[in-house]
Each structure stands twice: as structure tokens, then as C-alpha cells.
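Two complexes come next, and they have one chain in common, chain A, joined by chain B in the first and chain C in the second.
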Partner chain A sequence: MKKGIGLAALLLIVFLTACGNSGSSSDNSIEFLVSGDSVEGNAISTMAKKYNEENDANVKVVDVPYEDMATRVTNMVRDGNPPELIRTTKFSPLWQDQLLNLGEIGKERNVDESLFIKVENEVKALPLDLTAVGMFVNKDLFEEAGVEYPTSEDDIWTWEKFTSSVKKVTENTNAEYGFVMDQSEHRLLTMLYQFGSEGIRPNGNGEYQVNQETNEGIEFFTQLNNEGVMPKNVWTSGANAASLFKSGRVAAYMSGNWQLQDFSENITNFEWASVYMPKEDTRATNLGGNYIVAFDGTGNEKATNNFISWLYKKENHEQMSRIGGYLPVVENAEVNYQFAQESFEIYQNEIDASAEVSSYMQTEIVAKQLIAEESTNNVLREEVIGVLNNDKSIEEALNNTTDAYTEAYGNN
Partner chain B sequence: MLKFKENQSSIFLTVLMYVMVFLFIFPILWLLLSSFKPGGELFDYPLSFLPENPTVENYEYAWTTMNFVRYFVNTAIVTVVTTVLTILASASCGFALAKYKYKWLSVFFICILATTMLPTEVIMNPTFTVIQTLGLYDSLAGLIVPSISTATGIFMFRQFFLTVPDDLLESARIDGASEGKTFFRLMLPISKPIIITLAIFSFQWRWNDYIWPLIVISSPEKYTLQIALRNIVGANSIDWPLLLSASVISILPMVILFFVFQRYIMDSQATSGLKD
Partner chain C sequence: MIKNQKALWALAFIGTNLILFIIFFLGPALLGLYYSFTDYSGISASFIGLNNYIQLFQDGSFYGALFRTIVYAGIGVPLIYCVSLGVSLLLTSYKTRGKGLAKIAFFFPWLISPIIAGVIWRWLFGESFGFVNFILENLGLSTVSWFSNGIMAFAVLFFASVWIGTAFNMLLFMSALVNIPGTYYDAAKIDGANTIQKFWHITLPALRPTSFMVILLSVFNLMKEFPLVQSLTNGGPGSDTTLLVQYIYETGFNKLDIGYASAASMILFVLLLVFSLLQLRSEKRWQN
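Then we have the complex of A and B:
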């Protein structure tokens, strides 16, 4: 018995030493942290493999849970061992001093400059894959009700027209709701831009403010919820909008191009289509998506830059976008998608026609994440939920939102 | 009359029990049955409990998309090694606290007990710094080492060894057994019920551990199952067919373990609060 335990203890010690950190920074491999690559057709891994084969390099793609990317990277930075490259939507001010300037690569490869993330004239991040907000309709329901929806950019509907159309659909079919929108600030802002909002911007004194159209947009949104055109429980208690649409009981759904793959594969009980979004004042979508960020001080800066530059080469970018179902960011890139080609074209047109505010707000909010300790993430959403719950007026909600922005970003 | 009342209350309790069983089993059944539904059926209206066109496609998809064998091996290494070490550490510590009489020993014991008042989340930051300085970041050892000592385990063993008569110990000493020998040959074998109880607990804790591996592990070849599952949840959309089937696969080892050790597990849950 005693011998056995002694032996076991010895084995354990050997084992523990063996699985200790063997140190990995000396080789010239590039660690590339991404989220969700395996569910996006392994687009990034495929590209990395291609690069490794062509250039005898060693780019290692590491899939990190989306929610934990920022924490993980911050830990690695604190450990003094940052990854060479990450693809992310979230940033931390702790990284700011350790990022490579990617401006030259971006310009050289004709990446859309309005989406560069700049801090003090240095480009800290480049957009890698673009997402845009868009509208889906349940084709079957519209046809059953005999209601038309826009099929080209020439007959885009207004929000009033849209509302009366989906109301007609719910009246004439067994659809339960006319319209549903993700419980997301990003989606709500899209609607507000369409009403003519200029976003949440600072005035000359660094105080943030919104225009009157923003107020009108929220009023319209609240009305849709109160009238029951939209299910109130999506915004007030977080019911899943995508599942509601997938159940086939909702006429229209405002989400984005990231749903296309899932819808193409997993909606079998009805026909759906992407349509142009309504406008009130202007046409607008809202941009999002992942950025590529490269770290300084890894000893592999040159190899990292070479890889990034290769990744943005037009044909490589097109291939990556095709596999992952991404909207391209490189000028003149044309992508033949494996699914929902017509939908992607609609999204591309929406982006081209969109008001300037959408890229302005997006890059502004991201850049602020790199410099400000505080974040205004979801402040507007929470305030609007308060309005829907009759806890406060639209006026109060907007004042609270702009105050929060001023407090977080006013001095920067 | 009394008999009738007793009868009535036992019927009531039985019904209540079945309701509880149903409440617990329903989500699991839903998970299991949904994992056999094709993607298009998951959000169908009206929702159906049983899959209309059952398929194992989701499982094939999950198995080919995710490197399950590696995650299983990693999780198993962490779980088994930690459990063995936890038992050795807790048993020896509990033995010392119960059977040795030194001046400050009881104060020390109180200090150990006091650590149970600190939830793991509170000491996570300092623990992480220690792990980092030791060079254990991103290694399985970084998962194992901080989890070895547990106040609960030490307490369980101490309470058990208090009930062991000192005479037994003394007779072993008179027979010429060394302290190590008494511990390993006499004390450890008689504490078998506690060992099994703690082993089952530790196994469950480590298998389901999520937050600590999330912080310490960064390379995918060292991922445990729980971390790997987390990867499926994307920024804006969730791959439900994949998540459902992968979740079922990840709980299978625990289910098998439960059936093998069913008797002990039921015992451990029933007696964990009591002196054996």
C-alpha cells in the first residue's frame, strides 16, 4: 500500500512538471486569437493554413470564447506575453500603448478608411470583416396577406408604410406580431439614424447631445411596442427575437447579415427574404464587425505585419469573406457567397447608401474603448427599456444617456 | 382515522415527489430530445416535444467540428489528478488536526475554516498572480495546484478522525508502527466512506469548473470541455444544433460515472452533512 502511494506521488510530480509551461515566445510563430471561427466556416483558420503553406510560416489560430476575448487578452498583456494578433469587437485601455500602427497596411491594401480606429493619429485597429444591420421578412406571410414589400432601391418604404404593411399582414394571416427587433442598442440606433438622428455627439464644450429626430425615433419605437406591433417582451424582458422570427409568427425582423448562414440552413418551415430597410428621413444601416489588432513587443512584429498585409490582399480578402459569409472591407472586392447571394447584395447596397453617421458612431465608440476607463455600453438600451416600462419619459432617458456619455468621454 | 390521515399525507408527498422529479427532468429531456431535432425544427411553431424527423446529424457535426477527444483527455487529467491530490492532502491535514495536540493547532484550524467564508471569486485575483509568477499560466498544472487544498475536505476528515478512538492509534504505535505507516495503513483505509464522498464531490467540482480554467488556460489544445463549449456561443448568433449536441456529449461521462457509482453518490449526498 505504502509503496503504491509513493509511486503514485512520484508519477504525479513527474506529470505536473511535464504539464508546466514550456515557454513559447522564442519561436517565430504568430498566435492569432479569434472568436467563433469554427461556427463561421473556419474562414480564418483556412486562410492561415493557406498562408503557412505558401510562405512556410507558422500562423496559429486560437479560438477564444467571444465573451471572454477582452479579459483573456488583458490577462496575456499583464503576463507580459501578449498574442501577436487578435480579431475582436471589444477593446481595453490597457492595450493602448502596446499596439502596432496598421495605417500603412490599411492604405496600401485599400481598406475602407472611414472604418479605421484611430487614436492620436495612429491606426490602432483595422476592420477585418464587416457586419451591417438589415431587415428580414417572412415571404410566406406577406404573400398570404397579399402585401407587397420593396424589391429594389427605387421603392423603399417609409416607416409609416412599413408599419401599415406589417399590420395588414398580422390582420390577414395567423402571424402574431408585425415586427421584431433584437434587444440591442446597435439595432435601435439604426432606426434612429433612419429617422434623422446624428447619433450621440459632443458639442464644442465636450458635452454630449442628441438631436430632436432622435427623440422622434424613440417615440415611434415606443409606440410600436405599446400598440403591440412589436412584442414588448423582447425589449423589456429579453425574449429572443431571432427564435421568434424563426417560429414563423412574425412578419419582419430587424437584425443583420450574421443571421444569413443560420437562416439559410435552419429555416425550413417558411420562405424568408432580405429586404431594404424603411427610411423616414434618410437611409441608414449600422456597421459592426470585427477588427484586427496587432501587438507590439512580441518579437514577431515584422512577420505579423507581413501576414496582415497578405490577408488584406484583394483575392485573399475575397476568399475569406466568401468562406465566412463576411461583408468585405477592401475597395472593389467582389465576393461570390456560398449562400444567400441576393441578400448580401442588398446589404452591400444598404452600406453604400447609408448616412455617414453609422460609420462615424461605430468607429467613435470603438476608439473610445481604447482610451476611456468607463464605458457607455448599453446605456441607451437600458434607458429605452425604462421608457417602455413607463418608468421615465423619453426626454429623461435621453438626458441620462447624454449625461453618461459626457461623464465617460467628456474629458477625452 | 389516524391511518387515513397518514395515508393521505403519504399520497400527497408522493405526488409532490413526482412533480419535483418532473420539474428537474424536464429541461434535461428537452435538451436531449432537441439535440436530435434538425436545425429547422428547433424553433418551429407550435413547438413539439418529440423530434418529428429525428436525426443524428447534429452529433456528427459536433464531433467533426470540435476536438472532443482532446477536451475529454484534458478535463479527465485535471479532474483525476486534482481529486487524488485533494484526498491525500485533506486526509493528512485532517488527521493532524484531529490527533496531534499542539498549542496553536486549533487556532490554525479556525483559520482554515475561515477560508470557507471567502468565495473563490474573491481570491481569484491574488491566486492568478501567484499562478502567473510560478509560470503555471496556460498549463494544466495551473488548474490543478490551486484546487488541491479545500477547507471542506479538511473539515470532513478532521471530524471523522475525531471519532476514531485514540486507543487504536496508540496500539499501532506500541506495535512499532511509524507515524507514516499508521496514517497510510490504518487511518486511510478506515476513512474509506469519507474518501469516497470527497472524491465524488471533488470530481463534480472539477468536471464542471468553468471560471478558473477560463482565466488560466489560453491555448485550445489545453481547453477543458466547459471552455470548449463556450466557444460555440458567438457574438450575435448561437449555433444551436451544435451547442445542443455538444452539451449532451459533454455530460455523458458524468452520467456514466453516476450509473457506475450510483450507490456511493446517493450515500455521499445523504451523509455529507452528518457524522458518519
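Then we have the complex of A and C:
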């Protein structure tokens, strides 16, 4: 009951805020909803300010809590008063009919087409800032143990080699764990791709399935957890993987380029480095990041399009990526980062060397969010947690996962 | 006429409350009931009759969550009852020193949000950097995997629940204890009753109405516990501490299966209703 009251109160607040906004959204002023800009060096706000000064425009960047973005935008759309522009990772089917087709801008500005979110041949969203999964090592621990890690693309390690290396590190130093991975489906999928998984894909009948390699990857992952190479409490009970790595007592950490700024500024008790990720079968990373979505029916469509086009202009995109520490999505863009330049180069190499699957699931599942009402958000993660907790077998976990995908997306 | 006028006045006085009740309480409740018969996903709903309920009664993870909720309330409520009664007895005893400070210390948990309480306990019992494991390690003992072992995670949850539950219930007990007439104890003393006899034959019977309140409120609170579990264990390891409300939240907000989640909410509602009716009945029997 309490929840009902809270929900109703929330709706009322949203309704009132929406009403409050309705007066201001005209006269070519663009409301741009963004999450977490302040922790990313105010990249978006800086660009908006620059645009406003150069073009005598009025782009207003509004910071919205990450968790609230989809709900808030959905409510605004329902109310018939959508924002002009948002930067998001989550989508709702309710938006689908009210989105501007950004295909032309994307093509004109040479944005990476494999990352376009397309529904029925219309580009509903463009990637704005790209992220990729990558590996960090504690350089001090590796050196102390006298263990080597690959420094160029010519000597990429296998998962077997990687595991024996980090085991050696824990044996010969005071390191507590060899390896830690964020409790995230996105990270786990990266590892599975490296084992040769093709992700979770539909067959001809629209039934989703996984290949045998996926099974093997999860088996390996489970073994790492059960042997104590990885701390089990990260995946089973949500201990913070990043703080474990930052404590200096973990040899390697699989996360992504979004950590670079934080690590550069805040890790002072040891030397760390970005290294090439292991592969078993294929080299792969997993792409992610935010998308830019523009709404139709605001009366400011033209101004919005102009701003988006400006934002993707090569030098502007480079500047934004530099401030925010983003990987660029515009072809041939070269970014001189303010920190961890070598790490960014490794990420770029990883992306270039990655199999097609690295962007497939991401764009596919994001596009599904615009069509399907049900969500498969974290299904695989929850199932694998069940495996680690000895609640179910890998076989069962994968069957449950593919069933959930089929149920949610099978008819679309 | 006069009667009608009185009724009108009464209505005017409760009007605000009534409107709020209907908008924010009755409305959502009825909406929830309706959703439980649909496959509502937050976007569109079509009527599917009793399908959600049929599916629910065949769902192993629903039974798991239900069972854990009953265990949680079944163990947690007696624990909270005993500890808060014990603490209030100590705090009303004339022998205790430093009552003022102790009252503040015991009441403190009530002043912080359950989310913060969860974070505090999570930090205390953290496996890698936790305070408790740090102490254990320094004493030369082996550390305990508080959150990756299901039973231990439940134990930490009990600690935290009792810590929070004691704060408010202690207040109820203390005011009731102070109000027990001293003459009873004097009479018992003359009759030669010892402390245990006095407690058993005077204190406990005199506390009946308060005990009824404490038990009822605790059962409701524990069966509906959400923020504490969310911030402390997040239902983990695996689903070992996933209670019914977590389960409802997961299905409703993560899987967007709001119809199904509403059906589960209705079951929780019926459970709580049945419990309060039973409790009311037994209270009446006490009074007679």
C-alpha cells in the first residue's frame, strides 16, 4: 500500500513539474536532459555553452538522475510535452512514434553506422559517447611477483594464461584475489564473446538461443569464482568491484574506459595499467555508452537538428570526447585526452580488433527496448548469480535466459 | 436534522483525510487489484483473468520468497519483541545508571533512514574491508563470508532489523512500563514474590495491549521490509534473502511484469489481512 501512495505522489510531482515546464519550451529553446554530466567533466554543458555563444541559441542542459531518466521522459511524452533532446541508455516503446529520424545527420557527420539504433529503417538514436570494456592490472603486484602481461597486440594472452598469471601474482604477493569483474551482464558477456559466444540470438523461428561456447565461458567463470581466484561476494552479493581493485589487493580488474578518469585521479597507492584482454577463441570487447534521442512534436525540431549536427561536427565531437573522456564515434576523430592517453589507445585497438558480436547485442537489445514492452534487463546476470550460489545448473540458467528473451522479443 | 448536521460536520472534518485516502490509498489499491488480472507492463494492459494467480501458485521462486518472508517475520518478530522489552526493562529500572544517554543511543536507529542503516551494517560486516572481519582477523580468527553465505546474510539482516525495530518498540514499552501502578509491585513484595514472579504475573499481563501493538506492527514492518534488505543484501547472495516485497519489486520494475507483480502484492495483502484478523481475535479473547 505504501508503495501505491509513493507512486501516486511521484506521479503527482511529475505531473506538476511537467505543467511547470510547459510554458518555457518554445522559442527555439532546447531542453537537453542528461545524466551524470558533472562527473564526466561537464562535457555536455560545456559544449552547449559553446553552441549557445556561437549561434545565439538557447540549449539548456538539465541533469536528471540516471535511474529516473526513462520514467521521467516517458511521463513527459505521455503528457504531450516531450523534451527536445535526451542522452540516455534506456528506452521505452512509448517513445517510438515520437522520435526524429537522425539517420541523415549521422551519415552526413560520418558517425559509426554499426552503432545506429534502427527501427524499421529509421534511425531512432545515435551513439553519442562510446564506452568499451577493458582490463586493468595492478602493475606493482605483477612486478613484485615477476609476472609478465601483454604489452602489445602481438602477444595477446589466453584465458588459461591469464588465470595462471594472476594466480602466480596472488601466490607471490600479498594480493588477496587474482581477478575481479563488475557484477554486470555487459562485462560477463564480453568474457563469453571471448570464449566464442555469439551472444543471445534468435533462430529462424524467433526462438532465442546460445551456442556451446557460451556454456563453456560460464563454466570457466564459475570455476574462477569457486576456486577463489575471483571474490565470490562481488557477483553473489554485490560487493563493489572497483573499490576492491582500488584497495591494491587485486591483480586484475575487468571494467571499462569510464574508470580511466577516476583511476588517473584517485589511485595513488599503486601503479596501474590498462592491458589487452584475454581471448580464448576470439578477441572481443563490449561496446556501450549513451545515445542521443530527439523528440518530434516539440515545435523546435529544426533547432534541435541543427544542434545535433553541430555536436557531431568532427572538431566538436573531438572536444566533447576529450573533456568527457569518451571514445569517439565519428570517423577519423582523433582525441588528445587529458589523462591516460595510452589506455585510450589500447581501448581503440581493442575495438578495432573486436568481433562483430561486440556491438551486435548492444544495438540489437537497445533497439528491442523501443519495440517490446517486456524487458530482459539483467536476466542473464541473475541466472548466473543463481549458478554461483549453487541454486541451479548452467544448463538451466541458460535455458531460463533464452526463454525470457524469446518471451520478451520472440514476436517482434 | 440535528443528527444530519452533525454528520455533515463530521464529514467536513474528515474530508481532507477522506479525499487523500481515496486518491492515494484506495485508488492505487483498486488499480493494483485490477492490474493483477491483466498482463500490464506499464504500457498496455489486456485482461487475462486469473492467469497471473494460476502462474503464481506454480512459481517456485514465489514460494521461495514467501517462505523466506515467513521465516524472516517468524524469527524476527520474537527477537525484536524480546530485545525491545529487555532494553526497556533495563531503561526503566531504578538500578540503571546513565539512562538518558542509553535512551538516545537505543533510539538513534529510528532517526536514520533504513537505507543508511543498511549501508552502515553492510560496511560493518563487509567481507573484504568490513569492520567485524577486520577485528576477527586481528584476533587471529578466520574471517566470515557474511554476505556470500546465505545463512550469514540472513543473520546480519536479523541483527540490523532488531537494531532498528528495538528503537521504536522500546519507546512503546517504556511508556507502558512507567504506567503500571507501583502498588501492584508493593503488594507482591509484601506477599513475598521474587523478581521473576513479579515480571510474570504483573508486568507481562499489564503490557498486553502494548505487546499486541508491538507484535502487530513488527509483523507488518518485517513482512513489508524493503529498503533495509535492498541496501544491506540486495536480496543476495543469489536470492537467499529475497523477500516477498523484493520479489514483487524485481518482477514489477526490472522485468516490467507489473500485472504479475500486482498479483503477488494482492497475495501479500491477503496474508497481512488474515494475520491482523487473527491477531484482533486473540486480543479480544485476552480482554475477556
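Everything below uses one rule, namely that the second predicted complex is superposed on the first by the 390 of 412 C-alpha atoms of A that agree within 3 Å, B and C clash if a C-alpha of one lies under 4 Å from a C-alpha of the other, contacts with A are read in each partner's own complex, and residues count from 1 in each chain.
The criterion applied here is as follows: contacts are C-beta pairs under 8 Å (C-beta built on N, C-alpha and C of every residue); 3 or more make two chains touch, one makes a residue touch a chain.
Computed from a predicted structure; not experimentally measured.
Taking chain A as the reference chain, the count of touched residues is higher for B when chain B and chain C are set side by side. Of the two partner chains, chain B is the only one touched by A:T268; chain C is not. Of the two partner chains, chain B is the only one touched by A:D68; chain C is not. Once chain A of one complex is fitted onto chain A of the other, the partner contacts of A:G204 are absent, as it touches neither chain B nor chain C.
Look at A:S243: by the touch rule set out above, it reaches both chain B and chain C. Contacts of A:P231 after superposition: chain C is touched, whereas chain B is not reached. Legend: residue contacts after superposition of the two complexes on their common chain; A:G386 is shown touching chain C, with no touch to chain B.
By the touch criterion stated above, A:E374 is placed in contact with chain C alone, chain B being left untouched.
Note: residues 1-2, 5, 8-9, 243, 247, 249 of chain A belong to the chain B contact set and to the chain C contact set alike, using the contact criterion stated above.
On chain B, the positions that touch chain A within their shared complex are 38-45, 65-66, 77, 81, 84-85, 88, 128, 132, 135-142, 144-145, 180-181, 184-185, 189, 214-215, 218-220, 227, 230-237, 239-242. Contact residues of chain A toward chain C in the complex are 1-5, 7-9, 92-94, 176, 231-233, 236-239, 243-244, 247, 249, 373-375, 377-379, 385-386, 388-389, 391.
The touching residues of chain A, counted against chain B in their complex, run 1-2, 5, 8-9, 12, 15-16, 19-21, 35-36, 38-40, 62-68, 71-72, 75-76, 78-79, 89, 131, 242-243, 246-249, 255-256, 258-259, 262, 265-269.
By the touch rule above, chain C contacts chain A in their complex via residues 23-25, 27-29, 31-32, 41-44, 126-129, 145, 147-148, 150, 153, 224, 233-234, 236-240, 254-257, 265, 269.
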